[in-house]
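Following this line, the structures themselves.
Here subunit A shows up in two complexes: once beside subunit B, once beside subunit C.
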Partner chain A sequence: MNPILVLGAGPAGLSAAAETAALGAPTILVERESYLGGNPKRWHYSLLAPDLRPSDEVLGPLIAKVEGNPNVTLRRSTTVSRAERLERGYRVTLTTGAAQETQEVSAVVLATGFDHFDSHRKFEYGYGRYPDVLDFKELEGMIHDDKVLRPSDGKPPRRIAWILCVGSRDLQVGNPWCCRMGCAVSIKQAVEIRQKHPEIDAYVYYMDIRTYGLWEDLYWKSMQEYGVKFIRGRIGQVTLAEGGSRLLATGEDTILRRPTEVPFDMIVLASGMEPGTGTKEAAALFGVPVGPEGFLTPTLSDLNPVDSGLPGVFLAGAATGPKAIPDSVTEGMGAALRAYQYARR
Partner chain B sequence: MTIVAHLPHRARTLSEEEAAAPPSMELTGRRPIAPEERGLAETIYTEFRADPRHREFVLGCLNCGECTTGCPAARFYDFSPREMLQIAENGDATTLWDAIQEKIWACCQCYTCNMRCRFGNDIAGIISVMRELSVRHGVASTRATLAPFGRSLTLLMTVGTQVSSDMIQPDFFRDWGPFATGSDRAWGVGADVMRRAIPSDVLQTTRSSWEVSVQTSLELFRIYEETGVLDMLRGLDPDLTEMLIDIIEERREEFEEARARFRDELEGMRGPVATFRG
Partner chain C sequence: MPIVEKSLVTVDRTEHLEIEGIDVSGDWNSFLRSRVQVDLDVRVLDWVRSQPQGDTISRCWQCGTCTAGCCLHTDYGLTDFNPRYFIYLAQVGYEEELRKYSSTIWRCVSCNKCVERCPKGVKVEEVVHTIGSYLEATGGAPESPADRFDRAYTENLLRRGILDEADLFRTYERGEGRTMPAREMLRMGLTLLRSGRLRTGPLAHRTRGWRRFGAVLRAKLEEDERRRRESAGAVARAGGGPR
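So, the complex of A and B:
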């Protein structure tokens, strides 16, 4: 049997490769970056919602399943530059630096994931202009290293605001979808900071809180136990206040129906999810249909959530839309099974 | 005052007539419509909902408040574009009537709300539809609101601009107008120097916008006539409308005379002109 190709080593790809290997299929796991773990690793995610487990504790075992696995060939810093459909399977060209290698594979799992929305595009929040306006993926790293300090002067903040739905649910930037993660991750960050530094006030500005399903518990506890404040309404612009030493967030409190202007030491933007670079490339390379949002579309999102409709090409994780890590891991397992069935036929 | 919603346990507190009426937003502090105004309010509401622009401008609302955040009027008045959109989307005759009395005139039509709106609503546009209806129907409060602007309106509709270069007194407006040369302290150079940095086609457009041409104002008035703006204005102020028509008629005659003179002169010079290319 020709090996099964898994593209992308984030949670979905790691999970898929671990399962095809466990079924006894030779597996090639291709990852563009030099490390395994995808976005959680790239941005040094701290605790993962909803169980608040350290990301290393979640990703570690997944990585351990593929590293040193005799059935898995790991190809880091590698991309697929060509794909040619065969009678059965594909002939792909793997590119590592200047080196190229052609390989026949029996089936493909695309786990090419998402990219965070580039917060520069919402210019009214001053991201990139004011150092104390952060993207929440950057705050993740700070929390992970327990160094939550203002980038401008290195001092600890007294009051932090989170702005949800930055680059999500927003036709101005062409992204009308919900990222599903922003609420939970922002609330989790506020809880983590309040746990360690109860002297820091945490405010979350929201349109709707979408801590869906059992994650609602996190939302309730953030108020009950950690005193996180929730204000309904969006911040429309961020400017400087107090001689430039603080940030001024202007918005409307839509419940009290009045304008608000609050000075903050740090403002954190919950940037949304967009189709990843690898996802766009894979769509072009294999001819997988994409939806209006640019994510890969499975044939039937309910019955065949991991089938691309193309023979031997299967989909997993955030390549098909914003997704949490548990869902990505589950889809990786499903795609592995479908790829294995196809390869064995 | 009617009960805001038809809750089962409140059914006893509603009269039969009230129970049959659609849910009202009246409890949120709006004043009721006077009985003699009820008919007009209902007509305006019906026309507002039937206007094809309503469907095009009002798409839905996440109630995020970003429109109000950027709104210059909201900083100074009890006015919120978000509220206007809510009224446009979910309001009834009473709430629309209330909004028409004062609030719609707080909007400065800068369209910042449209730029901010993540749902793609045309909020400033739907407010201008509300204004249009209140003018068309000559709502008493609208007359009172717009009365002080008669002079501006006359100039706008007969000249096309409120201020033209021949009205500028150089002593008072040194930095104004196409030929101003006054030096600007912030920039350290005169306006004539600054002007050299402007692309010549842009400068030409800017210059020509200062020029008041009879032909342009006649064409503009033609547009007002044919698009129904004049009829709309007649509802608000018939006297002003008649005066505008008089002014324009006079200009039209002058223009036709000048044109005839011009044609005669041309004929005298070169023989008959077959067609006049205006």
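So, the complex of A and C:
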């Protein structure tokens, strides 16, 4: 049997490759970056919502399953530059630096993932202009290293605000969808900071809190145990407060029914998820249909959530839409099974 | 517990009352007016949605981005002006509450920051004006000094096609029951008249061809007014309304 190709080594891809390998199928795991773990690794995610487990404890075992696995060929810093459909499977060209190699594969799992929304595009929030306006993936790194300090002067902040739905649910930037994890991750960050530094006040500006399903517990806990505060309203702009040392968040507290201009030491933007670069490239390469949002579209999102509709091409993880890590891991398993069935036929 | 919100208290005051030799004068029958909203009126939303400038109202999800940037708060201190809240009242149908703002709602200066920022593509400025039109067309709005000034201004302008400031000031102030400090006004007025800066009465400016143009303008204004009333009347007749 020709090997099964898994594209992308984030949670979904790692999970898919681990499962095809466990089924005994030779597997090629291709990753654009030099490391495994995808976005969580790239941005040094700290604890993962909702169980607040360190990301290394989640990704570590997944990575261990593929590294040194005799059935898995790891191809780091590699992309697929060509794909040609054969009668059964595909002939793909793998590019590593200047080196190219052609390989026949029996089935393909696209686990090409998402990119974080570029917060520069939401220019009203001053990201890139004011150093103390952070993207929440940057704060992840800070929390991970326990160095939550203002980039402008290196001092610890007294009061932090999170702005939810940055680049999500927003027609102005063309992203009408919900990123599904922004609420939970922001609340989790606030909890982490309050755990270690109860002297820092944490405020979350929200429209709706979407800690769906069992994640609601995190939302409740954040208020009841960690005193995180929630203000219902979307921030309209961030400017410098008088004196220029603090940030001024202008919004409406819709429950107070008045506009508010509140100074903060740090403002964190919960940037949403967009179809990843790799996802767009894979869509073009294999001819997978994409929806109006730019994510890959499974044939039936309920019955065939991992089927692309193309023979031998299967989908997993955030390539088909914003997704949390547990869901991505599950889809990786599903796609692995479907790919294995196809390859064995 | 003391009642803090005095405006909600109505009082029967008895100045001198003595029963069987005991003085019982004072406040009687004090009670709170109900704060409970007892009905919802879908006519507002139906009408606003039916207007070409108002149909984006149904996109609004009440995030408050519009009010956050509204310059009526920041630059003009008009704290009663809250576009997000107006839209909410109209969406849900709190008609009575909305009517309290029937004068304030016209204060929008159309800077359009709200439209620029709205994440849902609500044309906030147009929608708010449309809600105002509804309130105006369906009447019952308490007239404010600003409304009366607007009317005096329009009538003044329609007479000659150019404003006669002295006459506008005189008419409006008189209508409000105020008198002007005659001596000071006279001194300023005479100076202005002499310099030719102010022309009023027989000396007032005229607009060439105003008789014809003014007639067209008047007819157009009357037609607009008629249409607005018809449209609002049609909505009222078509049912909907409180149910």
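We take it that the second predicted complex is superposed on the first by the 344 of 345 C-alpha atoms of A that agree within 3 Å, B and C clash if a C-alpha of one lies under 4 Å from a C-alpha of the other, contacts with A are read in each partner's own complex, and residues count from 1 in each chain.
The rule is short, and it goes like this: a contact is a pair of C-beta atoms (placed from the backbone, for glycine too) under 8 Å apart; a residue touches a chain by one contact, two chains touch by 3 or more.
Treat the numbers as computed from the prediction; the structure is a model and nothing was measured.
Per the definitions stated earlier, placing subunit B and subunit C onto a shared subunit A by superposition produces a clash between them. Look at A:276: by the touch rule set out above, it reaches neither subunit B nor subunit C.
Residue contacts after overlaying the shared chain place A:207 against subunit B and subunit C alike. The superposed model built on chain A shows that, among 43-51, 169-177 or 259-267, the segment of subunit B colliding with subunit C is 43-51. Taken together, the two structures place residues 124, 165, 169-172, 207, 232-237, 250-254, 257, 259 of subunit A in contact with subunit B in one case and with subunit C in the other. Residues of subunit A touching subunit C in their complex: 124, 165, 169-172, 207, 232-237, 250-254, 257-259. Of all residues in subunit C, only 61-70, 73-74, 79, 82, 84-85, 117-121 touch subunit A in the complex they form. On the side of subunit A, the complex with subunit B involves touching residues 124, 165, 169-172, 207-208, 232-237, 250-254, 257, 259. Interface of subunit B with subunit A (complex): residues 62-66, 68-70, 74-75, 80, 82-83, 115-120.
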